[in-house]
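A short worksheet on the structure shown next.
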Amino acid sequence: MTLDFSFVNPEFLRAWVLHGLWFSLLLTGVAALGGIALGTVLALMRLSGRAWLAQPATAYVNLMRSVPLVMVILWFFLLIPNQLYRTVAGEWGAAHAPEVSAFITFTLFEAAYFAEILRAGIQSVPAAQQQAGYALGMTYGQTMGLVVLPQAFRNMLPVLLTQTIVLFQDTSLVYAIGAYDLLKGFESAGRNFNRPVETYLMAAGLYFVLCFSLSLAVRKLQARVAIIR
Amino acid sequence: MIEIQNVSKWYGSFQVLADCTTTVKKGEVVVVCGPSGSGKSTLIKTVNALEPIQQGDIRIDGQSLTAPGVNLPRLRSRVGMVFQHFELFPHLDVMQNLTLAQMKVLGRGPDEARQRGLSMLDRVGLSVHKDKFPGQLSGGQQQRVAIARALCMDPIVMLFDEPTSALDPEMVGEVLDVMVQLAQEGMTMMCVTHEMGFAKKVSHRVLFMDGGRIVEDCTQDAFFGDPAARSARARDFLSKILDH
Amino acid sequence: MIEIQNVSKWYGSFQVLADCTTTVKKGEVVVVCGPSGSGKSTLIKTVNALEPIQQGDIRIDGQSLTAPGVNLPRLRSRVGMVFQHFELFPHLDVMQNLTLAQMKVLGRGPDEARQRGLSMLDRVGLSVHKDKFPGQLSGGQQQRVAIARALCMDPIVMLFDEPTSALDPEMVGEVLDVMVQLAQEGMTMMCVTHEMGFAKKVSHRVLFMDGGRIVEDCTQDAFFGDPAARSARARDFLSKILDH
Amino acid sequence: MAFEWQELWCKDTVDGTVGACLGQDGGQTYLTWLLSAWGWTAVVSAVGLVVALSLGSLMGVLRTTPSRAAVGLGNVWTELFRNIPLIVQLFLWFFVAPAFVGALKAWPSWLLAGVGLGLFSSARISEQVRAGIQSLPRGQTHAALALGLTRVQAYRHVLLPVAFRVVIPPLTSEGMNLVKNSSVAFAISVLELTQFARQVGEETSQHMEVYAVVTALYFVSAFSVFLLAHFIERRVRVPGVAGGGR
Amino acid sequence: EDTIQKIKSTGVVTMGVRESSGALSYTIGDGRFTGFHVEVCNRVLADLRRELGLAEFAIRYQPVTSQNRIPLVKNGNVDIECGSTTNNLARQKDVAFAITTYVEEVRIAVKANSGITGINQLNGRTVATTTGTTSVQHLRKHERATGVDFKEVFGKDHADSFLLLESGRADAFVMDGSILAGNIARAKNPADFKIVGEVLSVEPIAIMFRKDDPAFKKAVDASIINLIKTGALARMYEKWFLQPIPPTNSRIGLALNDATKAAWANPNDNPMESYVKK
């Protein structure tokens, strides 16, 4: 197999890759933060012991986990008319409908996964810790916010970040609604230069470097914030 | 100070507490003992409403726990509690463990909370460790910090749930010493423990539980001094834990 | 039976065992005690090569553990070991716990293994529980099953690592009873324990460890009868665990 | 509505006549095509599951052994397969790998897709299996070795049976992900559900209808994995252990 | 909804474009799109502004895929789609088309040294085509009609399909002539490939927009007729299909076919079904 990388130069990378890379990173960041926030609420609902809170949360999580993300992205984008984006966010909203839609969909979808991780994290904190919080006179909110969740997050940090790496790779699914992510940059260059093998190899390399550095960073971070036991 | 009146509790169809009644007066030290699973922990947890009860009533300083609209956090902050596994907050250092609830529950300022924390830490002999994390302390030290943490809230009564049973044998002494001192200073205390030496030394009364019931409730003189008057179950239990 | 010769061991740069030497003769019961972290568990685990050593030599029945090509599984099967947290296999019922190693290691048939298992279970008084899972037994019962499991392998020596320290106080007795009986039947035993009553009753020798060293190695008469002749560290330790 | 339904699904895929919904005289309707596409989704997922579970477990186990070489192999494997997007991996297996390993060219694309999908998931499963094993008290290993079991026997009879029970929930999730990820197989010419949706949506111009049905079938497939895992979890639940019936 | 009204009130028109539809509509990176149809649309929109006296409006490019282009036009996300959409009856139920601007011929590309000259020689061979295109249907029909039996492999996009041919996984690539020509032109070695055989089908390609908006359609059609009359459309064809084009500056080299000439000579918006082979 002969490879031809002659089309690759700094200008190529700027024009084809940079924009998508930025969008993928931004989408990952927004969806991770939003998903963790919403996921925490879902996890707390599931653990509340009250059926009217737990059941809707469980149903939501199971539904999201059973449908391919690309379908969720597609449905969400197609079913919401452009007019709504325009009404809510004006011309900017209408112009960035796919991106806005991606931010919302990814957040909603990832929340289901983060909820499961956080549920496990909260359960990994001994129940007596919660009781110790109450015994000191703290309210439910204080106990959760100051005692249980900080521990749950630290215990689950590696899993949360692994899921974030998955999320970063999944941002490529926005191809379904025409948003432009990192992989799209390589793919579309591959098509228009008719060098798909070369661009896929470059994509594999770049993804590997990014994701692997992220997981190394996670390990470092984990050592720093780990609870001394 | 603590009035427990006909308290019953069930987990599903399983009855953990059956019609328990007793009173702990101000300044009194009461030891609770009994076989595993007899409901000791459950009983002591109902006293600050960590476990809800289905029947009966509990009053702390005259205030019923089951009254509608009772401010449970407020009430709990006046009842200190020490757990078997210490339950220090592992992600906070010792000083933060001591000041967190003071600031969030009692609304004390950081300086005041810190000062109170330091003096309590001093009392359990651990001032030098104030900046360490729980994981960096031995079990005995952790339990003493846990006692200090409870004391910071100026409790009117202290509850202990097997405070020494998770400790290495050589560390049991240092924790009991702190508890003895507290008792001698007149703190109202309710302790689940199997340390009969401690019971003999400072307790005023002993409760013996079995199968969710308070089977014996008598002065420590009667409990240790007059075994013949005790129930068969209590005698059997005592012989097991005092023997080997 | 067990010869430990100048054994040293490091975790990284941290020395856990420093030049430990002792011998356990056939039929002898040796108790190992000492403060937490002094290396007791590590020492006992080196005896059946669960922890590798960096210096020195250990021989069981004349066979060196460090000799090249030694069949460790074979050797370990002849050394019974009982752990602090029982370590029964939670997914197997009691009978399966007892027969697994007999069949896989000793190559016994299912019937023979079962029979041997039943008789050992009978010996620790638990035949009726043979079909239960470990999670359905009390701590004391689990530890007795663990002893039975070790005995099924017809060990020539038994190692115990704090077999009662994870137990509720009222269950300590039932486990110690089994151990006393074993000792009286002439089993060679090496026990890490803080149960000084047990030590006084059946041990022939006591080792006291501190900081990875065997600080004291003397007959139990000398250890308990002549405190003045003991090191300051050992006296201090003894006073702590015997006092309260 | 019912008419439109028939109009879409009972149409012959070649001449466009609407007739018997399951096709006649060797003809194919969109319904029979849909069913065969679902079948291919199932095949690819099944191959993927087998590969992912076996290799993932193996790598997870290797990473818990005392051997540095084994741990290293497991680590490299895991990092390699989890840090490159699946679609890129499949592309490389299909177009690039055969240039180096000629035999791959003879593999049918469903097999290549299943194996590629399995390799990708094996990295995640290896993480979970490793975590499961490491969550067991070290005493369990010691107890097994102390009874004279070899290390392999200790894994086989003690560590893995318990570790697998511990990791059933995350494995379930991964199994569901795998089924959903099988949709990427369309990229290397497997006629599965996503391929069907793209092609038939285009042919019939009824994208929404086609996507709705395909989404539902994915849901059913992934949820069956969930139900199956749930069933297994209950079957292997150990009495006396938290969550186990007494 | 009235598109002209919408453009007036928002000052923006959203143009649906394709990422890589041969020379018709594709990206040159940096979020920019170009191609024959994109240029046609730009001219049409400029005419619209002039004719209707609209204020200055912005053009926003919205990349679409073959799966989502019709829903997007229907739900208002896209005002005018300038990709490579075939005008057919099924689609006319959902959307409307402008006058046909280009007529595509489905052809066969093979390796130059393969000796294959027509579809009938493909018996027992492997044929590549792209998922989500009408070519798949043509192949199926052909297979049924002639009894010729070939294996099909599907690329997820044209570049993949071409790679199937290039890497030897397929013996032929059946696709729109302009796509085949474009891929060959950009291949590492264009001389290795050639387009052979009969025209398997012809398809009118047209600009697409919302249904039931006669005013908009009228304006667009008028503009296109004007482009045809003035020869501007032919010049644009020349520019995109016969001259070097970005990003690689290669020349597609596909002469204007007879079907397109006929469509320009007699402007119409007939669907594909009316082009059935005589």
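A, B, C, D and E are the chain letters, set down in written order, and residue numbers restart from 1 in every chain.
The criterion applied here is as follows: a contact is a pair of C-beta atoms (placed from the backbone, for glycine too) under 8 Å apart; a residue touches a chain by one contact, two chains touch by 3 or more.
Everything quoted here is computed from the prediction, not taken from an experiment.
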Could you run down the chains that neighbour chain C and chain E together? D
Most remote chain relative to chain C, going by C-alpha centroids? E
Among all chains, whose Cα centre is located farthest from the one for chain B? E
Taking each chain's centre as the mean position of its Cα atoms, how many Å separate chain C from chain D? 47
Based only on mean CA positions, could you tell me how far chain A sits from chain D in angstrom? 21
Could you put a whole-Å number on the gap between the CA centroids of chain A and chain B? 45
List the centre-to-centre spacing of chain B and chain C in whole Å, with centres computed as mean CA coordinates. 35
Two-or-more-chain contact residues of chain B, please, as numbers and ranges. none
Touching two or more other chains - residues of chain D: 91, 95, 99, 208, 211
Shared-interface residues of chain A (touching two or more other chains) are 1, 74, 78, 196-197
Pairwise, which chains touch? A-B, A-D, A-E, B-C, C-D, D-E
Give every residue of chain D touching chain A within the complex, in rising order. 79-80, 82-89, 91-92, 95-96, 99, 124, 127, 169, 173, 176, 180-181, 183, 194, 208, 211, 214-215, 218-219, 222-223, 226
Could you list, by residue number, the parts of chain A that touch chain D in their complex? 1, 62-63, 65-71, 74-75, 78, 113, 116, 120, 162, 165, 169, 172, 183, 196-197, 200-201, 203-204, 207-208, 211-212, 215
Per the touch rule, the chain A residues reaching chain E in their complex are 1-2, 4, 7, 12, 14-16, 19, 74, 77-79, 81-83, 86, 91, 94-95, 97-98, 175-178, 180, 184-185, 187-194, 196-197
As the complex stands, chain A meets chain B at residues 126, 128-129, 131-132, 134-139, 142, 146-147, 150-151, 154, 227-229
Quick check on the complex: what are the chain E residues that touch chain A? 10-12, 14, 19-20, 26-31, 60, 62-65, 67-68, 71-72, 75-77, 157-160, 162-163, 167, 183, 186-188, 247-248
